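One chain, subunit A, appears in both complexes that follow, with subunit B as partner in the first and subunit C in the second.
Take a look at the complex of A and B:
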């Protein structure tokens, strides 16, 4: 839990600065946009968090976003497939990618870093080859399907703010993941696998099956995220769609309390980590800072938050040591 | 076995190492050497020369250019290789070096950063024939440039915006990136056209700061490094920050497409005006509906086709094919409600041709 307090302080600190010095930060339209971006990136970060919790890493998230996102309009528009076939086929493809990662990592004992790095190259390359580098879009059609991302649900008694439709899949996934992690034996086993794989295996935990399941979940979420992203932006170019999204997802998960050493995850922290990154990016424009400064500001603020957090933790530990009875 | 592999690797690396060591001969000497090579070729013209067309990135624009280059290759019965560097400057350098290593007879390239690509452009001029397309490198030893003047095209877009917003107002500029020469020139052209300034391609305004002139306030320029989610977020955030926003321009194809998307979602399509660049399908539809003022389009098919035609003529020893000015102008056109339908049907035919030669 410790990381969330520091992150919460950064989140509210940035929001406060943006609302005092920026223009219209608290307007319904801006909050609506921020909610939508947070929901979209959180879906990817949830997947990254699950894999990190089991002690792995997935660098192919951005490329799976690209392949699944590009495949959706490619099948719908170019090949005329009906939506009820496209959605399960694309999600099935994402799950198959995750299954392949999981099997290579557990059965062949290949390093997760390498397997998913190869995936990063492979899936983007496939997307570029299949489409001939032609950008793919919905050509003004499929508004019904696109409303899964573009839809807005009015909130009674609140003027100007509507809940983006992307919040629904995020809420379902976040609550589901949180329940699995905290309330089921599978969740505890998953964290135990990430904490100490050998100890968990000796204790009878099916570590390989859990690791495979984590990679399937991660790719499935990336695939779903890819679909929602392309529903949101309407068209995408395979050479750049989803580039570096794995870094945003991993950064948000780690900021939100997932340990890269495995064994620790917090769904609330992951969503908060994503929200902090999105609020930072938004604040830079609303404060009128040069967009060239964006990465520098994000890096500096997060580094500051994490350093303060670590110093606070050490201070608490020292205080606890002093209070503990000696001998 | 290992020794044999190592030896073959060393042998394979040897010609590349020699190429890298090419001395930076001066432009005039390299131009003269290429022309002398063309004259020499007249004595024994190659039946099927191998020519290359290299883009500065991956985009639909380049897919149309590729169709043009391949169509010319088919018409002239020569071998054409088309390369799209997907990872920027280093990728383009690697592709160009590899083409030279393969013994390419002529290269048409859209250099990403000509000032810092002197070495590789000199290398092509030394070993092959160099022409540029889309984005020029006037200081490089290129025999010709095929394309439009990005400054003048930017001006057309600026003039389109000025005509749509004659009383002045708040304007925001969105562009994928500003590093490359054509983007900088296009940006400056837009600003000069909007503000009704005189034609001066050497003028340089500071794009990092907002400024007001002639009744127009340029709020700023936002880049996205080709991340479309970011490009969309940029438009949303700029609209949030500036409720009085009157007009936006997207100087790369998808920027205007996404601006239109954002305005439609916010119920502001047509209220906030858009001056577009390139031919995004949604922008074309927006012009028909009246929610986009118009768009400035290039002729990428022509860039591809004319590049191969010129390089082929040179490999046949026809030095007279070189334009006296060093430039073959394929000017940009402004597409508005009046000519949008004719333009679109012509483009669709070219896109179909592009798919056929994929």
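Take a look at the complex of A and C:
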């Protein structure tokens, strides 16, 4: 919980600065947009968080977003497949990618960093090659399908702000993940595997199966996220769609309290971490800072946040030490 | 550096700790301890786990700063000077070297690299390998290691690495050598060698301070013993004026329970049976062995005899040939399957293979249980809490708080948490690899009690232990391994320390096979 309070403070701090100095921050349109982007990126970050919790890392999230996101309009429009076939095929492809990562990492004992780094190159390359590096879009059709991301649900008694439809899948996934992590044997096992794989295995935990499941979940969420992203924006370039998304996902998960050493995860923290990053990006634009500064600002704020957090923790420990009764 | 003559009537004072205290996150680890350290003398520090021994060693070694009190250095002229050490490097400059409890040498470096780590000989940054090798060779010889200094450290057995650590301390020209439980992972003849080397260093005028749980070796080598309990100094005893009973009384502060009579198991049905089991140990030969319900069988042997590998194979952690039978039926391979069938193992290295370090004691205890007793994948939290409380009571884990982070517990209580985890699944077979390594006298008795309780409940128990006392105290039957093979078997009534040792060192193989 400690991390989340600090994060909450940063979130509101940035939001406060943005709403005071940027004129449109609190406008319904902007908030709607922020909610939508937070929901989309949170889906990716949930996957990153699960893999980090089991003690791994997935650098291929952005490329899986690209491959699955691009494949959706490509199959629908260029190849004329029906939607009821496209959705399971694309999600199946994402799951297969995760399964491959998991098998390579557990059975062949390859390092997750390297396996998924190769994935990062591989899937983007594939996406560019298959489409001839051409922009893919829905050509003004498939509005029904796209309303999964574009839909807006009006809130009674509130004018100008409607809840983006992407909040629904996020809510379902977040609640589901949270329940699995805290209430089920598999969640306990996942965290135990992340904190000490050897101890977990000796205690009878099927650690390999859990690791594989975590990578499948991560890629599946990235694939689903890719679809929702492309529904949202309508068309995208294979060369840049989803670039750096894995870093947003990982940064959000770590901000939200997932330890890169494994064994820790908090769904609420992951969503809050994503929201903080999105508000930060939004603030940079609204405050009229050069968009070229975006990465620099995000990097600096993250670094400051983590440093402050660590210093605060040490200060508290020292204070607890001093206050404790002697003997 | 003052040179001290080898024979000295009253050893010269070199270092003094004056009322040092240390508090960690609300726990008073050390409370106003004063101690004098003299050249040419071996000072032993004994006490139960959590008594503050390691903390005192870390303060003397400069790794931890005292929250109250200070260290004084005594110069050649006898004048005292207050020292404020910040880190091991400053301590090394002051002639103090600390050899840690866990041997953590850089595994990829060669011996020269390790021995001279931080003290490399160089000319403007370029390493002078020849000079370094020569100096490393001298340091290694002092600890009795006649080895090529270019040997890669990771290839050495633990006992040799321990000696390398000491060589490293000597290479810094240490006047004070501090060893935190140097013998806890050594077999008995490796311990002998280490003690002999410490004796030689004493003769050379080095002040040796060492921590140990084993009173035998303390009484063999030490000139002086200090006893710590609950962070306070409880007594200081000199050679010739001490008794084992008195040291134990000072350490424990309460009576140590006596040996329990063994329950008879001769007629009980066979629970665990190994048929021609061959593990991945480099020289393993087929092992056949059966253990009855309620029987405790000890696996004795030297380090490297293949005990750990055998237990790991039975637990399903490593592959093996041959068959493991439970109650007359073969058990499938793999840890999860074996645990489901009720075969549970307490691993040798609890930090590496046992504990979820950042989790609570409760989470650590219920880890094996939740897999066996879940409700369609849901954790039954009330039943879990009840099971955890029961395990805490059965193992006498202290403090009896399920929420307490396991890393804040003492070694003995961490071990109890893992034991509680295993007992939680009501194991049919309990495999214990060095169950009381680095565990104090009081906790050891409590762990033994829990093991006996599990056996009384019908479990077949296999214990691998390097502690002869423990083997003789606990087991119905003692099976001795040497070089990957069973070389003999002794009943509890017939076994003596000498008989076990003779078999373990391969001395009586012919006789054992003939018998």
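The rule is simple: the second predicted complex is superposed on the first by the 322 of 327 C-alpha atoms of A that agree within 3 Å, B and C clash if a C-alpha of one lies under 4 Å from a C-alpha of the other, contacts with A are read in each partner's own complex, and residues count from 1 in each chain.
The rule is short, and it goes like this: a contact is a pair of C-beta atoms (placed from the backbone, for glycine too) under 8 Å apart; a residue touches a chain by one contact, two chains touch by 3 or more.
Just so it is clear, the structure is predicted and the values come from calculations on it, not from any experiment.
Student: A:234 in the overlay: touching subunit B, subunit C, both, or neither? Say first, second, both or neither.
Tutor: In the superposed model, A:234 contacts subunit B only, not subunit C.
Student: Touching A:196 in the superposition: subunit B (first), subunit C (second), both, neither?
Tutor: Second partner only.
Student: With the two structures laid over each other on chain A, which partner does A:147 touch: subunit B (first), subunit C (second), both, or neither?
Tutor: Neither partner.
Student: Which partner does A:183 reach: the first (subunit B), the second (subunit C), both, or neither?
Tutor: second
Student: Does subunit C touch more residues of subunit A than subunit B does, or is it the other way round?
Tutor: Higher number of touched subunit A residues: B.
Student: Once the structures are superposed on A, label A:288 by its partner contacts, choosing first (subunit B), second (subunit C), both or neither.
Tutor: Touch partner of A:288: subunit B, not subunit C.
Student: May I ask you to decide whether A:243 touches subunit B, subunit C, both, or neither, giving the answer as first, second, both or neither?
Tutor: Touch partner of A:243: subunit B, not subunit C.
Student: So, does A:137 touch the first partner subunit B, the second partner subunit C, both, or neither?
Tutor: Only subunit B; A:137 stays clear of subunit C.
Student: Give me the intersection of subunit A's contacts with subunit B and its contacts with subunit C, in residue numbers.
Tutor: none
Student: Taking the touch rule as given, give the residues of subunit B at its contact with subunit A in the complex, in rising order.
Tutor: Going by the criterion above, the answer is residues 57-60, 62-63, 84, 86, 208, 210, 220, 222-223, 226-230, 232-234, 236-243, 254, 257-258, 261, 265-266, 281-282, 285, 355, 358.
Student: Can you list the subunit A residues touching subunit B in their complex?
Tutor: Those residues of subunit A that touch subunit B are 22-25, 27, 29-30, 33, 37, 40, 128, 132-135, 137, 139-140, 150, 229, 232-241, 243-244, 281-282, 285-286, 288, 290-292.
Student: Quick check: in the complex, which residue numbers of subunit A touch subunit C?
Tutor: By the definition above, subunit A touches subunit C via 183-186, 188-189, 192, 195-196, 198-206, 259, 263-264, 317, 320-321, 323-324, 326-327.
Student: Within the complex, which stretch of subunit C touches subunit A?
Tutor: Interface residues on the subunit C side: 23-28, 31, 67, 315, 317, 335-336, 338-340, 344-345, 347, 352-359, 363, 367-368, 370-372, 374, 377-379, 381, 421, 425.
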